[in-house]
Amino acid sequence: MSELLRVRDLKIGAHVIPPDGDPFDIEIVHGVSFDLKKGQVLGLIGESGAGKSTIGLSALAYGRGGVEITGGEVFINGSDILKDSLGNLRKLRGHVVTYVSQSAAASFNPAKKLMNQVTESCIQHNLCSQSEAEERAVTLFRKLGLPEPETIGDRYPHQVSGGQLQRVMTAMALCPQPDLVVFDEPTTALDVTTQIDVLAAIKEAIRDTGVGALYITHDLAVVAQVSDQIMVLQNGNTVEYGDTEQIINRPAEAYTQALVSIRSAEHAEKLPTDAPVLKVDGISARYPGTKFDVLNDVSLELRPGQTLAIVGESGSGKSTLARTITGLLPQRSGEITFDGRGLTQTLAERSKEDLRELQMIYQMADVAMNPRQTIAMIIGRPLEFYFGLRGSERDKRVRELMDEIELGPEFLSRYPAELSGGQKQRVCIARALAAKPKLIICDEVTSALDPLVADGILKLLLNLQKIEGVSYLFITHDLATVKSIADTIAVMHRGKVVRYGPKSQVLSPPFDDYTDLLLSSVPEMKSGWLEDVIAHRKMESAGN
Amino acid sequence: AVLGQVHPVQAAEPVKGGHFVLGLKGGESTNSLDPALSASQVPFNVLRGWGETLLNVAPDGGLEYRLAESVEATDDGQSWHFTIRSGVKFHNGETMTAQDVLKTMERHSNEDSKSGALGIMRGIDSMSVEGNVFTVNLTTASSDLPYLLADYHLVIQPNGGMDDPAAGIGTGPYKITENEPGARHGFEKFADYWDDSRGHYDTYEIIVINDDTARAAALQSGQVNAINIVSPKTAKLFGRAPGISIETTSGRGHYVFVMHVDTPPFDNKDLRLALKYSVNREEMVEKVLNGYGAVGNDTPINDAYPLFDETIPQRQFDLDKAREHYEASGHDGSPIILRVSDAAFAGALDAAALFQQSAQAAGIPLEIKREPADGYWSEVWNKQPFAASYWGGRAVQDQMYTTAYLSTADWNDTRFKNADFDELLLQARAELDENKRKDVYGQMGRLLNEEGGLINPMFNQFIDGVSAKVAGWEANPNAEMMDGFIASKTWFE
Amino acid sequence: MIRIPTSALIGLVITAAYFLAALFAPLIAPFGVGEIVGDVWEPMSSKFLLGTDGIGRDLLSRMIYGGRTTIFVALAATILSFTLGTILALTAVVVGGWVDMALSRFIDLIMSIPTLIFALVVLSVMPVTILVLILVMGLLDVTRVYRLARAVAQDINVMDYVEAARLRGEGTPWIVFREILPNALSPLVAELGMRFIFMVLFVSTLSFLGLGIQPPDADWGGIVKENKEGIVYGIPAALIPAFAIATLAISVNLVADWVLSRTTSLKGGR
Amino acid sequence: MSFVVIKLVSQRIALGLLLLLAATVLIFIGTQILPGDVAQSILGQSATPEALANLRRDLGLNEPALNRYFSWLGNALQGDLGTALTNGKDIAESISGRLNNTLFLAACAAVVSIPLAIFLGLLAVRYRNRWPDKMISAITLATISVPEFILGYIVMYFVAVKLQWLPSVAIVRPDMSVFDRFEAVAMPVIVLTFVVLAHMMRMTRAAILNVMESAYIETAELKGLSAFRIIASHAMPNAISPIVNVVMLNLAYLVVGVVVVEVVFVYPGMGQYLVDHVSKRDVPVVQATGLIFAAVYILLNTTADIIAILANPRLRHPK
């Protein structure tokens, strides 16, 4: 098989300009080498901020913002693209190599319909006609399990859920049928059932077209299913590089071993105690201008110091529920009670104290931070706003929070665009924690984090819960996380709560169909699992 | 007695035909064809194209008979008989009669009239027609009536224009074919015109070009054949362009500053004299008019008027005298505010700046206040005690004085109320002996020069630009563009 | 130290030079502003470095004094129209609802009245001073700035980070000044540069309506007009102030461009 | 979706009409406040007080203002704008000719300048901080900062006087062919283009630069799109609303504000028409013209608002 991608001693640096003080250069990637053959998949894993996305982008000879490739060689089909002219690179990008961005929310043009964006590469590189491209797109939408595949292309990016957007991004990358796709965390926002569809679609594309892939993820179980080889990264260095089977089963390095080992955050289910801190009673909601309810008669309760996990497939209305509780989307019917008092429908009428006590962490971290504020300002603001902390007092607290989310003080003067995906997510967490709330709605807060960091964050959250009695409404698709953190679980499906109860009860049989499907879809860290599941489902559906 | 003489016809042989284009300043989209409402240059020139008056004032100051064939006055000068020319046709095909003349005069002198000529009709007691003779009876004698009736507003219209004053139907050499006020006016030769010595072009048009530079460029690029109001600043430079001649004519127009003699501090004669002496008239003529003009002598009259008394001593620029008078006036040193706008006359601000500088040299605290051009004539002039103004002059001294310096004058913009002066004016009006009248006018001039509120630094010239293709130009001090007759009296070579 | 690119440096130097000349006019100018010292339109000479104007005043001196009025009035009016227009627009957008509706339509209404009528009416009811001049110019321009700022802010107001700030309970001032303004800055700065030029030209228009600058004082636009007749005959007296306006405009905008490139960069500028 | 749009547009149109009504009130009041009056202005220095009084009575200036407003409004609604006090001409008729000319000139200038400005703006972004950007900026800034009449003189001097390519006066006659009309407006269009270019170009540049660092631009770049397509097709739609607003402002200027250019090129348009009648205090004409200008502004502003909303799906379909 021919060599598709060959990277030698890649060095990547960045030019940092703090708002106050002198600019300086840092090195992000310190000489990485790897190879990829046609039809093969190389998994890149590693902690948040290790340089995975940066390396992925270098396969398109691209540096983000102030990032610049400072040394090394990147060969695609035998030619060094770092030496290519911009014109040649243009022929390469979007045609030979495509990219699935980590932050789908920001990567779509908000002013253009999804379909136009998906088919654009095909059209602009003269690969096929508009109608043919649209056909391809619809086929991909269907394979990726998107709802209404025929018409979803007519929507604008802000009109679909986080997970849906991510899948459209994948469709966009596959549409021109490239030689190499760089997948940057393509399933972080997906629930496990949907994730299987996406992984299957990716595998199919690889099988059918012989496309090679760089698959960046922090989820070892996922990477075990799709990749032939794995490279483990830490701080811009290769820690370990080998066949999937070897890395998963016989990791040589301590860091890899730590990644592979199971998670430690655990907590025993608490029994319902006091009066609920949050009570959601039969709410329905819909987006203005649409004609169906996204939430349908949802009722839930959350007790102080406990965690309610909401799981469910992508697009089932989890984020919408969060928006409704926070008052961003007024419910059509139903009541929301917080700490014993009824919450007004609209934000403007809520008291500052209510607002402080109820914090939300956005699913899409990159769009939830003002691009023109530094991290210090972003985290410091709630301190200033709610507690009137100023000057050194505030700085001290900001640093503490930064410590808690495992980010060094050097990040304080950076802008959001200068952070990695996981780092942004953590900043958002810190911002919510700064308010010392009673209840935090966490919308997929750990999905962008590698297991080690995620574990750290979960421990932090549990710790806070223990000390300060914070409650969490924890929206996630990751059942492992659910298991480790939740007291109560609600399973959502198409805007309804289909299963609801204490963790022990929800996660033990007998299951309803959907929960069964959900549980059986949790990837396992063994190769061949995906094929088995797919085969099994095919058989089942054939059986029906 | 028969006054004046018929002016001799042009010597050179005119050529007929062609399309003549005039580029004129002084037109607005508000202009009307109603002769009564004509006030600025373009309506004036338009009027001259399609209409005619009983008489014209000739370039030498005499009278030219047009629709009147002859004029006779009774010996006491109170009754005037105008014999109306016969066989003259209106553009609508009707024949002009003495009745039309009567109606026209009635329309302009009617109590309800809005005519700009109403003032000069004021002395008329009664009018009548007998056959082709039109008779005017005056309340008091006036030797100047034919001059007054030569006023350009008094164009004879069918039935005096009572039916439709703005129809544009007259007896002129050209018929009006297009009328877009503020933009253009089109004319074609009137086939039945009575006087073959006028109206040589087949068609002509007036294009309103209010911008000085644009007007000059239009002449230079051959788009128009003649322009009015060439800016004096650039006239010399402009005249160097090939194929263009600059025609300058001294007239009766004067650029002035007017003080209200009844308002402090201008009620103080010494202060007025101080200001008068501190004007450097030569410099103003040189810098504001670029030499295209003559110094004024604080009266509205110059040698373009008949019976001008040239013995009145010219006031000189004299800083010492100015200082003396200023000190004598006992003025408290507060700023004396002169209100100015270029709407008053072109270069008014410059003139004021020069005035301020020379006044300052004499220790007079003159301060200039720029007023908006919009509304200058209604809000500033004749309201504020010290302001810039422009007078176009009148055909005869009597008319000029009656309009602005008589105690009862309509536009007494200096608030000059002097019983002796009024007395002298009436005396002159009734005086039929020209030498005696000249003497009286001389006394009035001196009075005004010493006592009056008029600071008249300069008389301007008409500066017209004419293409070399145009023949038959003759200087006419009555108004610009050969008193508006350029289209009637010139031809293409 | 911030590294200043050459073009911005040129802009800064020229702008600063004009500002300093304006500031120290009485010290620098060889003659008084209204002093008649020579002949009409004298050419440049060692006595009159830029020649003389239409009635023999030293052009250089008039330019230096004129710069004073021009820069001061234009600057003050621009600042007024800018701060007011931007704050009103951003507040309207952030508060939304009927406040936005009422204010926006009110601005549309004011805008739809022809400037000439507006100016004349103001003129007739107010004393004519420099302050009134600045107010009139500034207020007339507020409408323009408002519409632009509103258009920009409207797009930003729907961003998730603004929503996040609302969720936190932030008041209008914070959202206006800290969330929206920094993200709206670059079109606004570009507009600021343009508005300054318009103001410089507008001063002379209003002066000729009789509002504001009184002779013998002058502003650059006014000097252009005073000497405009000479232009086609190669007399530079009108072109010199025009040139000054153009260079000032270009310099101010070079600086604006630099600010712009610092504000558009999400990395705090480079 | 289209329902939302239709609702929005019809709402805005209704509001626009309401605004127009309010504008008529303001204009009416404004014209009443203006000092000076028509009679004096028409007759100037050569009039007598009697003549003034007569004219004033003839013109109906002695009736109460409220009556005059309502009868004016009623007539205007029926398309009857009355007759000019100054020359007795039918206002609707004389305005329509002028308005046609103005719209023709504005349209020609807009057709040339708007695409050019936007194109130059895109080009400036494309070559940001390189010499084409600097050249474009410097030239357009220079032309915008020179007073209009100077540009007019310069163009006139070279094109008409020196080269004699075009007539120096842009006089239009009713019987002119379309080609002649184009020739007549050529020079005014050149000047107007110079005048409006910079503003639109600079705003295009700035608004686009403001979004050029967004993540979706990176996505577009990673699709291998040409720099120009990225700017025009990805950045532009997100920067459209400030650009549209500035374009509308300049369009409005082209319709209502070109007095100086009209005067220099002797073009019979609305600007000079308004100025003439304002200075003569010909109130009915000032009101009629004010009404038209107000309508133009309201129409353009409303259009800008609608486009801004249509261009941003988040405004059209709020969350």
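To keep things simple, chains are lettered A, B, C and D as they appear, and every chain counts its residues starting from 1.
Here, contacts are C-beta pairs under 8 Å (C-beta built on N, C-alpha and C of every residue); 3 or more make two chains touch, one makes a residue touch a chain.
Quick caveat, the model's predicted, so the values are computed rather than measured.
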item	value
C-D or B-C, whichever has more C-beta pairs in contact	C-D
Inter-centroid spacing, subunit D versus subunit C (mean Cα positions, whole Å)	21
Averaged-CA centre spacing for the pair subunit C and subunit B, given as whole angstrom	44
Subunit A and subunit B: spacing of chain centres that average the CA atoms, whole Å	88
Approximate Å spacing (C-alpha centroids) for the pair subunit A, subunit D	50
Residues of subunit A touching at least two other chains	65, 328, 371, 417
Touching two or more other chains - residue numbers and ranges from subunit C	120, 183, 228, 231-232, 266
Residues of subunit D whose C-beta touches two or more other chains	35, 149, 153, 157, 161, 213, 238, 278, 312, 314, 318-319
Touching chain combinations (by label order)	A-C, A-D, B-C, B-D, C-D
Interfacial residue positions of subunit D with respect to subunit C in the complex	15, 19-20, 22-23, 26-27, 30-31, 33-35, 129, 134, 137-138, 141-142, 144-147, 149-150, 153-154, 157, 161, 198-199, 202-203, 205-207, 209-210, 212-213, 238-239, 241-242, 244-246, 249, 256-257, 274-275, 278, 286, 289-290, 293-295, 297-298, 301-302, 304-305, 308, 312, 314-315, 318-319
Contacting residues of subunit A [partner subunit D, same complex]	57, 60, 62, 64-65, 89-95, 98-99, 101, 103, 106-112, 117, 120-121, 124-125, 156, 158-159, 287-289, 323, 328-329, 366, 371, 417
Residues of subunit B touching subunit D in the complex	23, 28-34, 37, 39-40, 111-119, 122, 166, 180-184, 207-211, 213-214, 217-218, 220-224, 373-375, 377-379, 381, 391, 410-411
Interface residues, subunit D side, partner subunit B - complex	35-37, 39-51, 54-55, 58, 84, 86-89, 94, 97-98, 149, 152-153, 156-157, 160-161, 164, 167-169, 171, 173, 263-266, 268, 272-273, 276-280, 282, 285
Subunit C - residues contacting subunit D, complex	5, 7, 104-105, 108-109, 111-118, 120-121, 124-125, 144, 147-148, 151-152, 154-155, 158, 183-184, 186-187, 189-191, 193-194, 197, 200-201, 204, 221, 224-225, 228, 231-232, 238-239, 242, 245-246, 248-250, 253, 257, 260-261, 263-266
